[in-house]
Structures are given as structure tokens and as C-alpha cells.
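Same chain, two partners: chain A is paired with chain B first, then with chain C.
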Partner chain A sequence: MSHDSYPMRVMDAAEHGLTLPAAPLRYGSGGKVPARRDGLAKVTGAALYAADRQAEALLHAAFATAPVARGRVVALDTQAALAHPGVVQVYTPANRPPLAQHPDEKRHPFNFRHEALQDDTIRYAGQPIAMVLAETPEAAAEGARLLAPEIAAEPPRVDHDAGTPWQPEMVGFFAPAQAEVGDVARGLAEAEQVVEVEIETPDQFHNAMEPHAILARWEGPEKLLLDTPNQGPVMIAGLVAGYLGLPEGAVEIRTPFIGGGFGSKLMIYGAMILTALAARDLGRPVKTVLSRAQMYGPVGHRAGTRQRLRLGIGSGGRLTALDHEVTALASSFEDFVEPSGHASQHLYAVPNLAMRHSARRVDRGTPVAMRAPGEASGSAALEVAMDVAAEAAGLDPLAFRLSNYAETDPATGRPFSSKALRECYAAGAEAFGWAGRPAARMGRDAEGRLIGWGMGTSQYMCTMYRGEARVKVHADGTASAAIAGVDMGQGAWTILAQCAAEGLSMDPERLRLTSGSSVLPDGAVAGGSGHTATAGMAASEAGRNAVEQLISLATADPASPLFGAGNSGVVARDGRLSRADDPSRGESYSEVLARAGLAEVEGQGVGERVQAHREGYAMFSHGAVFAEVAIDPELAQMRVTRMVGAFACGRILNPRMVQSQLEGGLIWGLSFALHEEAQYDPATGRILNADLAGYHVPAHADIPQLTTLTVAEEDPYVNALGVKGVGEVGITGSAGAIANAIRHATGFTPTRFPIRIEDVLAHL
Partner chain B sequence: MTLRLIINGQAQEIALPDSRLTLLDLLRDHLQLTGAKKGCDRGQCGACTVLVNGRRVTGCLTLAATLEGAEVLTIEGLSSGADLHPMQQAFLDHDALQCGFCTPGQIMSAVALMAEGETGADPDRVREALSGNLCRCGAHPGIVAAVCSVLGEQG
Partner chain C sequence: MKPFDYHRPETLQAALELLTDPGATAYGGGTNLLDMMKCGAALPGTLVDVTALPGLQGVSRAADGRLRLGAALRNSDLARDPLILAEAPLLSEAVLSGASGQIRNMATTAGNLLQAPRCPHYALPESPCARRDDRTGCAARDHAGRDHAVLGWDDSCRAVHPSDLCVGLAALGATVEIATLAGRSEQPLAALHPLPSAGRALEPGALITAVLIPAASLGLRARYVKVRERTSFAFALVSAAAGLEIADGRITRAGLALGGVAATPWRRAEAEAALIGAAPGPETFARAAALLLQGASPSGENGFKIALAERVAIRALSEAVTPRAGQAAWPGSVFDAPKEDTPDVA
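Our next item is the complex of A and B:
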């Protein structure tokens, strides 16, 4: 294979955004599936992530952090730090240069309140309390250590029981905290049986493999260049400008490669603002790279919850009522509440349906969105409750879910824009062999391990924002697209190019994509599994718009074979226009441009949802996950031995990348079920396992054989492309499926996640 | 202090600016070899994996000053120009990456597996042997498939 035309070194380009051609590789029979455009840069080490970049006269920053969760900083030994060779400056609340916007002022929902050295208050352990600037990273780290903070500590409120109750009006991003359809009390009273499940989920940390990093350079008094991994470059560049008192457009964020985001790179945090501020104050570029430990606190997490579900079961195993109560942990200073209750409101047919959220304010860093915020933890609890209810009803878990299949959205009564969940159940059950499920507590493998099979339903909303893109057709017959897209591994470099090329009716191989900078047309944020839908639709529409211009040029030109055909009488295909009534009469895009004497045409496109569709339909991706666990009968060691997930996610643009996303989702579900948990020291409020040795993210040996399938689903309403999100749906359903498999093997109903050996051991 | 190293086949004399410097920081901050990544700086993630005298090590736990005369191979030295190492090609063929941040470490670790000869193409043994290389995106199935495909060819 030849990589000759491919940039082998993706260096610190001065330009705004990076341009990548198509990868030489394609997948699938017939080679129809493009491989990642950024793949070669990543397997050769050429891809430059923010921390990889260098600058002339660079200063390095390091933070001193709070050792306790509540109290005040009484003293810092700034003299010792400043005396260390190489240390240039130490910022504390006493001398930090002024900001135009207070870090606790909220002007925008993504404007998370944060710590930018505004005062001496400590609101969580690990909070940055001073910033050291030095000539080398070693000197900066040593300077931060020498600050040896003196602290007046107060007893922290660390967990649910110590937290201060608070009733939020909204949860997640603008979602209601409570809702009720029908009358849940009556539904429960009328039920033949009521089951109740209580489950606790822990704080979890995004732990993207790439720690947050910022390289700030001022290219003029009103021109700031930030190289930093970011999931919403245009939006965040605007917010940063606000803190620094800069006009709109003064800040450019470059983010061509992101080493994982999962929600934590969609927020404003103190290091980002302080790095820019320090660079301005000291007149030199400044680089900050958070340590792994510093990612436990200042850059968000998934909040722990306590959930209580009550399900009423009537005749024939039909649900009469579902009540979902959530208490989520919130920080003392920010209002983000994990919206777990929403996970149960759109999935099963139930006439009396309610959810309620409340919160407890604790002395922890602020929670934010983390891959499937709300859905992940809510689904985990809901799916366990569904299995308990299935058992009470005397039905197989799949049969029980099918007998409560929702034909319309139970929360709103709206029809689904599309819903091939039945097909997912069937395809997943078939691939897994669900029909051969052993009787409860009877499964054994050859080694005598207890075998359990469980399942869960997946569901994730179809988010869309408003995005823009620009696409050009050039006289040489090639095309180019420009969009501030965000590729954090999900494949935007490749898929947005596919979308633009589809709008152009051209092979994506002939299109170069420029992306990765906030100065490009705003592709909106990459979050909520809405990026392909939004930015992809914008790219496709921009391509279509460029083709329309070519058609207008041709049909108005007496020298064109298309003259007089009228716009609707022309078909675009593979870089050519031809007459709808006579396909043999046509010409290529470059011929149209050459005769018109034009070097290019430029199309603009917008991606957003049609208002009437948004109001008329419930829009979700769905799936069914099946899992097998093997449990040591004496040690209760639990291993997931295989998982099958079948998903309905609308149109699949790139099956290979969708497979990778869905597999990633299943792995996150597995991790939710068995591994992940931040543990807090009740005395100091510190996280005891703030590193990758103590906080377990799955290793290769934890991951079994995974099978992901997609079922066909056409959706004319969700957006012009017919695509739904795939990045988060795989987490939902999967944690519950594993919990249910453990329940099937042992009879033990989990009361907390992750499920621990000691919990199961007591039930063997 | 001057350190002599052979880095990606090139003999180099390096004036060590700071005795606290790790191999990882030497590569990244002083030699512009930023393919090896810093995911933890604690030996817990494997993103910084490089080969020293053919053995895989975590660059973040290796003090540069201890390496006098050593041969260091990084992802940048694995192939030249368009001729990819079979392991790099296999990662592309199996879509064995998402964000790409763990990828150089995964590949270097997998290249070492080829020489170690402990796993063959047995997926379970490969999973065990690669478990020091974390991936948060969940690219594990593709990585294991890629590595097994190369080890299988190796016989």
C-alpha cells in the first residue's frame, strides 16, 4: 500500500487547522468503507497532541493542590519556591492577575464554575491552590512541592449521609428534575406485585488516557492561540475570551487530535484560564500538563447516586407503574446533577411513570457529563430492577421486556421516529444463543465455575445541535471541506469527510478535510453522541449547496450539454452532472468550472433538526446487550466471558468505526459493572485511589470476546442523514446485563456498583 | 553529564540538562520524539512504552542517566517513510485505535511480544501480556486482533 501523498509528520503547523487527505486503506468487501484519515499519523507517532507541542522560550506550569477537601489555605512558602533555580513566578490568590469574569460567575451552561485562584477557600481535595511557572517541568514541579501549604482544615462533607440536601429544579443540561405521567401511587396500589430495588453507584472519573494539557501563546494583545484537547473548540474559545476580557474571535483553540474526552474536555477549568493569563502576564508561551492525580477533581467526574426503583406488575407481566427516585451527589459550588432518572422514562410501556431527583452537596470537585451522563447509571439500576420484576412475574427477562415493549414514548406519548428494538432483541438473542439459557443458579462450566447469563436494553437519545460547514469544489476536480470538527477517537476526521463527499456526490478519496481549529466553521460540540448528526449533516448540506451552484452554472450556460435542463432536471453522480432524462448527456464538475472560468465554487451548509420533527417524535438509539459471566464458586472472582450487543442506530455511515464505538461502549458498561470507583477518605475527603493503579479502568485481560451487530433502521425524521448516535448507547444496557448475569448465576441482587467480590461471596 | 545513546539507530551524545530527567521526558522534551506519550508518569498506563536494548520499558520509570550506551527504539524509529512495520499496518487493518493516545505504547509493547515469544497468537495470552498497556477508548478487541494477526504470521 502506498502512503506517498500522506503527511508522515504532522508537525506544529502554523496554519489554522490541519488538512488530511483520505487514508489509502478501505475496509469491507468491495473496499467501500474508508479507514481513519488520522490512522497513519497515530500509528507512526506523527500525530501531535497538545502536550507534544513545543514553543520558543516556553515556560512550564505546575500546580500545588489542596490536601484536604474543606478549609482554607493559611500560608504558602512562595519564597522557597521562588528561590528554586528555574522558578520564574508563583501565582496565588494574592497576586494572580485580574480576570474579566469571576470564575464563579455563570454566563453559559457550559461555563462551569471553577478555581482560578480567586480566594483561599478549599472546596475539594486536589483543588489547585497555587501555580508555579518555571523554565523546566522539573523545576516547576519542585517549586510546587516547596510551597508546602499550611491549611486550616474543616471536617469535610464527603458522602451521601454527610451531604447537605438540596432540591435542584433542573438536572443534567436543562432536563426537569421531576416528572409524572398518570398516577404512580395508584399504579402501584393496583399492581399484583410490587418490586423495589435500591442501588448505589459511585463517583467515576473520565480518565481519558491523555491528561488535560494547554499550550498558550499570545500572538498579539488580542490574539491568543491555545493548543488544547477540546470537545467544543468554538464554544469554549468564546467562553475563554470572556474570562480574559477579549473580543469575540480573539481566541483560537487548536485541537486536531484529542486523546479521549468522554465529557471531561467539554468544560472550562481553572488551568485553562490560568495558563492563558500567565502567558499574557509573563510575555512568554506557557505549557500546563495536568498530572494524572490532578485529573481527579478539577476536570469533572460522573457523580455517585443512590437510586430507588419501584415497579408495579399486573396481569400478564405488564408493568402498571414505574417510579424512579434518584439522589445524586453534587459539589458545593456548581449545580450539575446526574440525570439518572431520565433513563427509565422512555423505554418500557407503563401507564403510570415518574421520576424524582434530589441532590446532596458534598466537598468534592464538581461533577460534569461523562459518557452517557445519567443514562449509564440510571440504566444500570433500571435493568437490574427489570430482572427482579421479570422473576417476580415468572417470565424470562427477554420475554418480560417484550411484554412491556413501548410502541410510543411512555413519557410524552409521541411516536418514535424509528425504533428497531424488537429486531435488536431478536438478533442479539440469536447471536448469543439466549434460547439455551440455563436455569437460574444451575449454570456450570467445565472448571466448575458458576455461569450466569443476563441481558439489558440499551437506549440513548438522539442529540442534535446547530453546526456549520464549508465545502469547495476545485477546478482540478478535487474538493475540500472545512469544519471545526472534533475527533476524540470516534472518527470525525473520516466520517465528516464522507458526509461532505456524499453531499457532493463525489468519492471521499478526492476530498481533503481541514479541521481541528476553532477558526473554522463551527461544527458544534462533540458530546451527547450528536456530532456526526450535526457536523456531518452540515458537511453534507454544504456539499449539496456547492453542487447546486455547479448545476446553476451549467444549466444557464448555452455551451453546456445541460443547458436549459433546469435544476431539478440534473443529476449529480461521482463528480459529474448529467441530464435526468438522458444520462448520456453531461459533464464533470471541473468542466463546468473551467468553462465558467472559476477556480472553485464554495458551498455552505447547516446541520440542525427540523423543529416540527423535534416536537413530533421521540428519537432514540436502541440496543439489546447479552452477557455471560463465570464466577469462581469459592473466591467469587467474576469474569465476563462474552458479550453480544445488537444495536439500532439509524443509518450506519462507517460500519468499521461504528463497531469500534459500540465495542467501546460495551467495555465501559463492563467497567461500570465490575471495576470503576473513586474511593474517598472520610477524614480528609481525599480520593484514595487517584491514579491508574488504584482506579481500575479495564485492562486487556478484563475484556472478553465481544460481538456487536447493527440492525437496519431507516429514520426520515431524526435528521437529513438518518443517523443516530453510537458513542454512548453501548454503555446503557451493558452494565445491567452483567449485573443480571451475576444475579442469574448466584441469586444475588446487587445493591451497589461496582459489584464486589465480597458482596457476591456472602451469597454463594 | 554527557550520555551516549543509540536512539532509533542513530548514535547520539546528549548533554543531560537535569539528572532528574526520565527517558520519557528526554525523548519528548529534548529530542522531539513525542510519539511515546505520558499518560500517568507512574508506570501505570504503558503509554510511554519504548524498547531499551530490545526490552519494553516504561519510559516514565526509567531515569535517562542510567542508560549509558543503551539502544532505544521508539515508535518513530519503527518504520521509515511509507514502509510501515507489520504491527503498525495491522493496527490500521484492524482499526485498533480510536483516540490514538495509547497507540504508540500498545504498538511498541506488541513489537516486544514478537521477540518475547511467550504468547503465540493465543488471544488470552496476548491479553495477559498486553495488560500493562491501558486503553480508555475501548479499542481492546481491535488491538488484540491486530497483534494476534501479526503473531500468527510469525508462526
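Our next item is the complex of A and C:
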């Protein structure tokens, strides 16, 4: 593939999915690691994100949003908005065209209840309360401002203390709210020591670089094209059709490039439905781009929690009991509960183990999954508690974790499908120099700064869905694959092509991948770190299926050197078939097709987990994160100076993409530990820092020297590829490691995240 | 965004005539004003772009020997100007500790001086805010937090001034040149940033044309220290600028100002007076810092900033006398550049 032939053009409206060849540039380690297929298109601006797209006669939408968290919209000055030059229409609950499904009706677990102008109720600040359509984005925004809503406000329930207690049966996605193995009360009673840690975590927002955007155009009464970044295009296209009263398959979602999703682009939200509705009603394409502030509320967040961990320690530093109690904030109208307690249920060997979730309903937008939902906040608290327990037991934090190493899943008793966590501990500790850690406070460096070393264990489940793919081998010796894959920066364009090529036993450079549209075979959602496992396995299986067809053709053809070899007697390698017993006898795929007079063969593949494996094994990615902090001894300003993470994630398909994911995880952990927090106005329930200047994520200058390692891990049970997730595991363990490093430097046990200067200042 | 007229006059007279319109606002880099316009906190009918006006650019030496910083001088140009680096490097350090590279490429000197008060409610038009409009009230009155003032606040406003540059300018005793149709005048920097009790600053129709730094600047033995969680693109939780002139082991002149604690860069004559004539050292600095913070009180959940501000002031004074190795690598930062290897632990 030459540089010149790389597609620099934009997609046209008729195209269903984008096709990308292999990246022309191979840089780095010996040319063996495929580079990003989408890289050149992205750095040159040829990659179009939804908000970049244009259409003939396009209208622009803007929302007016609720300034308080609870109450009613009494009046909107629609006359003023309509009088503004360029404004075409204003939708309010009074004139919004009808929907076939009420926005609060839940027909599907991912059918998140949302606001699509169904009534005048305000359930959170920032909720869309009117939609303005105009000829320019500026006119639409000014129209929305001119609506100047008159509000009948009620006192909002803004925090834990004001929230309405609620006991959910399920947390996260279909996970139990309560569980107990053994008898925790007895385990605590029998312990030599019991440590208790309470930690609060704040609401956090996904803050993907790319804002949520939708361009809706109707190509017929039953044909809707939506350009919108989405992590589950096939599933969401089906759900959108339900709201609009359309048959299955009437909605196409195109999402070739996503500028970060993190869970917030896996949900239905009002703007998506209303944009399509407005386009149908007005007979013109409509584009909506949420402002940064409007991404704080209607498109989900990670819910704040209060967590209490009690750990019983017996002889030899062995845990006798672990009790993880979680109170999570939930919205008033949806049932998603941050499943933080699950982080402690599969990690350490403890005979008496329990988690208990409860919730407080507050007047905030509904929380949803955000990168490592539950595990991120639960791990942050658990790992601090583990260090407090290690100190009580008189053990080094790593030694304490090793003395409680789980050989089987403590929650289920099942064996792990694979678990190279010991190797992670060893490799990470070695790379970090952990052996030199003094047990007491760390001391100061040459400049007088307080130094601390901390660690945490990483663990994240190996999610798998059911995905499908289609792969073709063409007579010219090339191949193509089609799948509704989701690339939100993690590298799906590259990895799915690699998987298809691997199934085909071909060089990925000879394969074109078509992806990013819901009309393609369903690659399932990109969430739970399960996309490569699911869609990648489907692509690989589809390739394998195509090769099997080629083998059948060849072995049945008397003119083939493979005639009569039988399918099991043929080996596929680098686009050729040869006899297993005599590799010199063989032919290329194109020769097989040419003789058969076929232009192509098409393979179908499914990616899903073997039922018996799912039921028989506990499946997790693991890791160990080590962090160093430096703290100014008088001013309490903190900086993370080094992080090392060693991870066991099954087979590593593309080290380049994996390193990026793992580093991103460590940075997110740092962000969790020291930066991210939504601040709410107690009076109105508004978020006061709904922008990237006020809501902090780390800047480059905050990111220390990062080292990520992967250790070898073979897993015959997790899936046919042997891959585990890498997208979320790096967040777990890392926030706790930083908190523990601060504890090591100062002796202060954090009681909240993010850890603030004033928290530490009081303990210097 | 509310529609507005845009003018880019080429003479000061034309600019001042345009600014007599009560709906007109001077426009420099727009890095703060445009944000305020987008959120509806500022709704000017006319923007008067001052970047084409003669005499508002660059750093020059005035006839009386003072340094003259043009009102439309970009922050990034200020930070690397040879005269500034030679005679008032404190200002470079303060500027580079603020905002981001992209913002500094646009933001101007006068725009920095006239930034909107740093309080989330100022930028939320639905919130009552006496500083933003004539409605009475303050949404932060009962809910002030770590970013609000601990000095000079009252029930009309608890916001702090957001600038880093102004803290450095205050420590150096800068003055501001202001033009109106009636002529030019000069005011102390502090006049631009009155405490909430003192009402509004610039009179309508006035335009800042330059900032003047006294000759024989204190900027040589000077240090800006900025404490905040994020190393870049973050306002100061607390910052301090200190400049000292030392002769024969005694402090002969002193400037000391705090950021992040009040509606103005916070100075007190008593604190500076306590430095003069004393030997530089921990006790002297602690005494001055205590005087600087005298009368401080929490405006909400921010009492910790009082003790922290004392320490930051002491640190700035100490490092003004004894620069820390590597401190230039991260302007204003408590930290120096990251190390590539493991530090030796004592």
C-alpha cells in the first residue's frame, strides 16, 4: 500500500461504513506491529467526526437547559426566540411532534430514560427544556438564550445527605446489589485486628474530547441516517427506531470515528431523538452539537459514592473477612447504581466476603457506565483499605497482598481461566525498585520534598458479548472484512483488521476493512473492555470460515495439488494453502478461486464465549501499579513523579495499541486520585465547573514518567483469541496506588477523592 | 451568542469615540471576553478591537526610564521580551504560570488586568451576582468554597481576581496608563481592582493603553510561587509574588503581593514596611507574611488558605533571595522539572 493511495477524501452520504486499507506507514519496533489504520486520516483532518459533517439545507439545533435541579418550567419566551433572525422553529413540550415511545418507557436495559421534551418537569440542572432550530449555530444558540425560562423551583436533593434512600436489587448492568460468602460478622469477630476505612468519591464526568453530536437526515419516510459517535451503533439504531415508530433496519448510525466515549456514548439521550424528530418535522437535515456544559447532565456520569470497608486480619496477615459497603448516588428517574462493591469480591483470598450496595436518589442527571464503572471507585477505596490493613498487620503492602493472593475466585470458588498476577507483582516491583521501600514514612529527597511509594492491584473482568463479522477473499489475492466495529481511539480499525487477517492467515496489509456503520454485521457494543474479544474473535472466525471454504474447494478439485488432502490435512499460511504432510505442495488463495471461477468466497464468523467456559471459570485481567509521589512539605502541593504498571491481559495482539490503553488507564487513575470532581451548587443543584477549565483532568505537565509492562499469559478459556480486556484495567489499582503513596509520604489516610491540598496540609 | 458589531479602529481617537457607546467593550485577545459572551454573562453590542491601535504593542522604555508594556501586547510576547527577561523576569514567570500556550498567544496585557472575577456564579447568568449586573445578591454568599476570597471580601462579593500577571505587577508597584477623550492619566494598579466595597474600576469610555513598571525594578531578586493541584492551565489556589532589593545584608526595598485570596492582588504597606531595614531570613519573612494576612477570615470552606497563603508568601520571599535550582523549568511551580531517574531518598 503506497502512501499516495491512502484515502484522503471525505465520505459521501451514500456510503454505508468507511473502508480503510492498512496504514501505509510502519514505524517503530522492526515493522512487526501494525500501525493505526485511522492514524493518517486523523492527523491530516481527513477523518470526519459527526460534527464535521455538512448537508444541503442544513438546520442547526441548540438547547435551552434548566438552571435549577428541581421544579417546573412555567414559561418560555418562544416569541422572542422566533423573532430572532435565522430562527426557524422552537420545540417545547407544547408543540414537540409525537414519539412512538415515551422517553421514560424502558423496553430494553440500555433504553435509558431521558428528556425529550415530554413535559415541564425539571429533574436535574442542565436538563434540555426546549430546542431551537435555526439557519446557523449562532442563531440557534441565541434563540435558546432568548427563551429566558421562568422557573418554579423546588429545593433540590443535591447530595448524599439530602438524597432519598433507595434499596436497589441490581447494580451496574444486571449485577447483584448484595452478596455474602461465608459469614462476615463471624470473620470480623474472629479477627486479631479489624481495620475500617471510609472514603467518599465524587461525581465524575466522561469529558470525551469530542462532544456529542448528531446529524440527522431522512432519505425516505422509513430511512433515517444518523451521523453520531456511538459505542453501540447496531443496538442504538434499533432503539432509536422504536422511539420514531420505524421498522427495524430503518435507522442507520454511522460512527467511523469517535473522539472518546468512555461509556457516555453508549446511551440514548434526548438530543439524539429530538434531532431526528426535528429533521422529519421540518423536512431538512438537522445538526446538533452539545456544548461542553451540556455534556454535564444529559449524557451520564460516574456517580459519587460513600464507601466503608472493614477488613479482619488474622494470623500471618491473612484476611479473615472483608465487608464492602457502598452508598451510591442515583438519579430520581433511572436505576443505574455505581457497582463499586464488585471491585473487592474477586481479588483477595478471604473466606468471609460481602458487599452491600444502597443508593440515594438525588436531583442529578442519571449516572451511567464510565470507564471501569464500579471497579474504578471501588478499587480506589479497596486499595487504600488494603494498605491500612497491611500496616496493621506489620507487613509491606506487596507482601500483604501476596499473603492474601487468591488462587481461586473468592466470590464463586471457580478457578481463574488464567491469572499471572504474581508475575505482574514481580515485574512491576522490579521495574519500580519496590524492594528499597522503607516500611515507615519514606523520608525526603535531596530537595527536601516528602517522597512516598504506594501500590495497588488492578483487576477488571473479561466481558464478552455476541458479535458477527463478514470476511471475503477476492480472486486478486486481497481480502476484505465488514463489521460494525467501534473505534473510539482504542484502535479497533487496526485490531479488527489484524484479527480478520489472522483468521485468513494473510498479511493485514492485503486486507481492507469496512466498519463504522450499523448496517454492517453487528460487532456488538464497545464497552466493558470486551470489543476486541467479541468483534475481533468474530472477524477472526469469519476469516477462518472463508479459508475453510477455500480448502473445501481445493481438496475437492482434482486439478489442485491439495486434492484429496482432506480439510484437516491442509495448512493455511500467508495467503496460501499447503499440505500438512508436504508443505511444498500447495497453491495461493487466488489460484483456488481462479480455477473455481469464483470472484470471491465469503466467510461468516461469530465471536462469543463458550458457555461451559463462562460457567466454569472466573475471567479477569490483572495488574500491579506502583506510584511515587513528591509532596512539598510546607505547601502540600503534590505531584506524581513515577508510575509503573505491570499487567496480565492474556495475549497481546498489538503492543502499540495496548500500551496506549494501559497508559491511558494509569493517567485516568492519576486523574481520579488528584483532579476530577464535579462541584454542585448546594442552592440550585447546578454544576459549577461544567467546563474543561473548571473540571480538571491532568495536563501534560502532571503526567510523570509512565512505564507499562505486560507479562505473558496464555488463556485457553477466555475466548478463541486468548485476549483479555486492556481498556479499563489500568484505572483500577492506580488511584489507590497514588493515595497509598501519599499515605506513605505523610501518614495521612485519605478519606475522599480527589485528594486535595487542604486534606494533606492538615497532616504535615 | 447575541449579535454584535465589530470594529478595529486604527487611531486612539476613533477607538475612544467608539467606546463612548455604553454597549461597547474593548476587545484584545478575547480569551476571557468571548467565553463570557458565549455563556451570556457579557452581552456587548459593540466590540472595539484595540490590537491595531498605534502604541499599544511591545515593551519599551519610557522617557523616565520606566518599562512600558503595551496594553495590546500578547502575553506570550511579554513573557519572552528581552527587556522583561533582563529587568523584570518575575513578570515572565507569572505569565508563563498562567493559562495555556494557546491562550497566552492571544491574551493581552490589558485583557489580563480586566479579567472577569473568578467565581463560577459570575459566568452563570441565572445566578444572582452583584459584580456582573445591577441585581443585588450573591449566589456564593452561603456557599463559598476553596476558590473564594479570604481577604477583603464582603457580602456583596467573595470572588477573587484570577490573574497571575497582576500579582507580579502589584509586587513591582506597577501603574496603569488610561486614555479617555479628555486625555491620558495614570493610576496605581490597585485602582483597577477595587475591593467589592469600593465599587467599579474603569470609568465608562476609558481605555487602558499601557502598564508602567518603575525603574530600578524589584524584578531582579524576585519570585512568583503558585500553588494549585494541576501544574498547568489552572488558576492559583494561592500565589505570591515577592521582589526585594538588598544592600549590605539589609532589605532596602520590598514588594509583596498575594493572588487567589482577594478581589485584588493583595498588598499591605505594613507587610512591606516590616521587610525594609531587616535582614532577609525566615523570621523577617514570617513577620511580613503574618502582617500581609492580618485580618484574613474564611468566606466559606476556605480557612485553610489563610495559613497556606502565609507559607506561600514566605516561600516566595525565600526564593527571591535564594533561587532554587531548576525553578525556571516550571514557571511559578513549587516543583522543578521532572527527573528521569529515581531520587535518592534520605
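One rule holds for everything that comes next: the second predicted complex is superposed on the first by the 751 of 764 C-alpha atoms of A that agree within 3 Å, B and C clash if a C-alpha of one lies under 4 Å from a C-alpha of the other, contacts with A are read in each partner's own complex, and residues count from 1 in each chain.
By our rule, a contact is a pair of C-beta atoms (placed from the backbone, for glycine too) under 8 Å apart; a residue touches a chain by one contact, two chains touch by 3 or more.
These numbers were taken from a predicted model, which means no experiment stands behind them.
Student: Going by the contact rule set out at the top, does A:S588 touch chain B (first), chain C (second), both, or neither?
Tutor: neither
Student: Could you tell me if A:T408 is touching chain B, chain C, both of them or neither one (first, second, both, neither)?
Tutor: Touch partners of A:T408: none, neither chain B nor chain C.
Student: If we overlay the two complexes on their shared chain A, which of chain B and chain C does A:N207 touch? Say first, second, both or neither.
Tutor: In the superposed model, A:N207 contacts chain B only, not chain C.
Student: Quick one: classify A:E138 as touching chain B (first), chain C (second), both or neither.
Tutor: Once the two structures are laid over each other on A, A:E138 reaches both partners.
Student: After superposition on the shared chain, which partner residues are touched by A:A701: those of chain B (first), chain C (second), both, or neither?
Tutor: A:A701 contacts both chain B and chain C.
Student: If we overlay the two complexes on their shared chain A, which of chain B and chain C does A:A693 touch? Say first, second, both or neither.
Tutor: Once the two structures are laid over each other on A, A:A693 reaches both partners.
Student: When the two structures are overlaid on chain A, which partner does A:Q118 contact: first (chain B), second (chain C), both, or neither?
Tutor: A:Q118 sits against neither chain B nor chain C.
Student: In the superposed arrangement, does A:P67 touch chain B (first), chain C (second), both or neither?
Tutor: Once the two structures are laid over each other on A, A:P67 reaches chain C alone.
Student: With the two complexes superposed on chain A, say which partner A:E758 touches: chain B (first), chain C (second), both, or neither.
Tutor: second
Student: From the superposed pair, tell me which chain A residues show up as contacts to chain B and also as contacts to chain C.
Tutor: Overlap of chain B and chain C footprints on chain A: residues 138, 693, 698-701.
Student: With touch defined as at the start, can you tell me which chain A residues reach chain B in the complex?
Tutor: So the residues of chain A touching chain B come out as 1-4, 6, 8, 23, 25, 27, 35-36, 38-49, 51-52, 54, 136-138, 206-211, 257-260, 262, 289, 291-292, 488-491, 656-657, 659-661, 663-668, 691-693, 697-701, 703, 706.
Student: How about chain A: which of its residues touch chain C in the complex?
Tutor: 67-68, 85, 138, 141-142, 145, 293, 433, 436, 438, 442-447, 451, 628, 630, 632, 634-639, 641-642, 674-675, 679, 681-684, 686, 688-689, 693-694, 696, 698-702, 704-705, 754, 756-758, 761-762
Student: Provide the residue numbers of chain B that touch chain A in the complex, in ascending order.
Tutor: Residues 17-18, 20-21, 25, 28-29, 32-42, 44-45, 47, 74-76, 78-79, 81-82, 84, 88-89, 91-93, 95, 97-104, 107, 126-128, 130-144 of chain B touch chain A in their complex.
Student: Which chain C residues qualify as touching chain A in the complex?
Tutor: These residues of chain C touch chain A: 1-3, 38-40, 120-121, 124, 126-127, 139, 142-143, 145-146, 225, 227-234, 237, 304, 307-308, 311-312, 315, 324, 330, 334-336, 338-340, 342-346.
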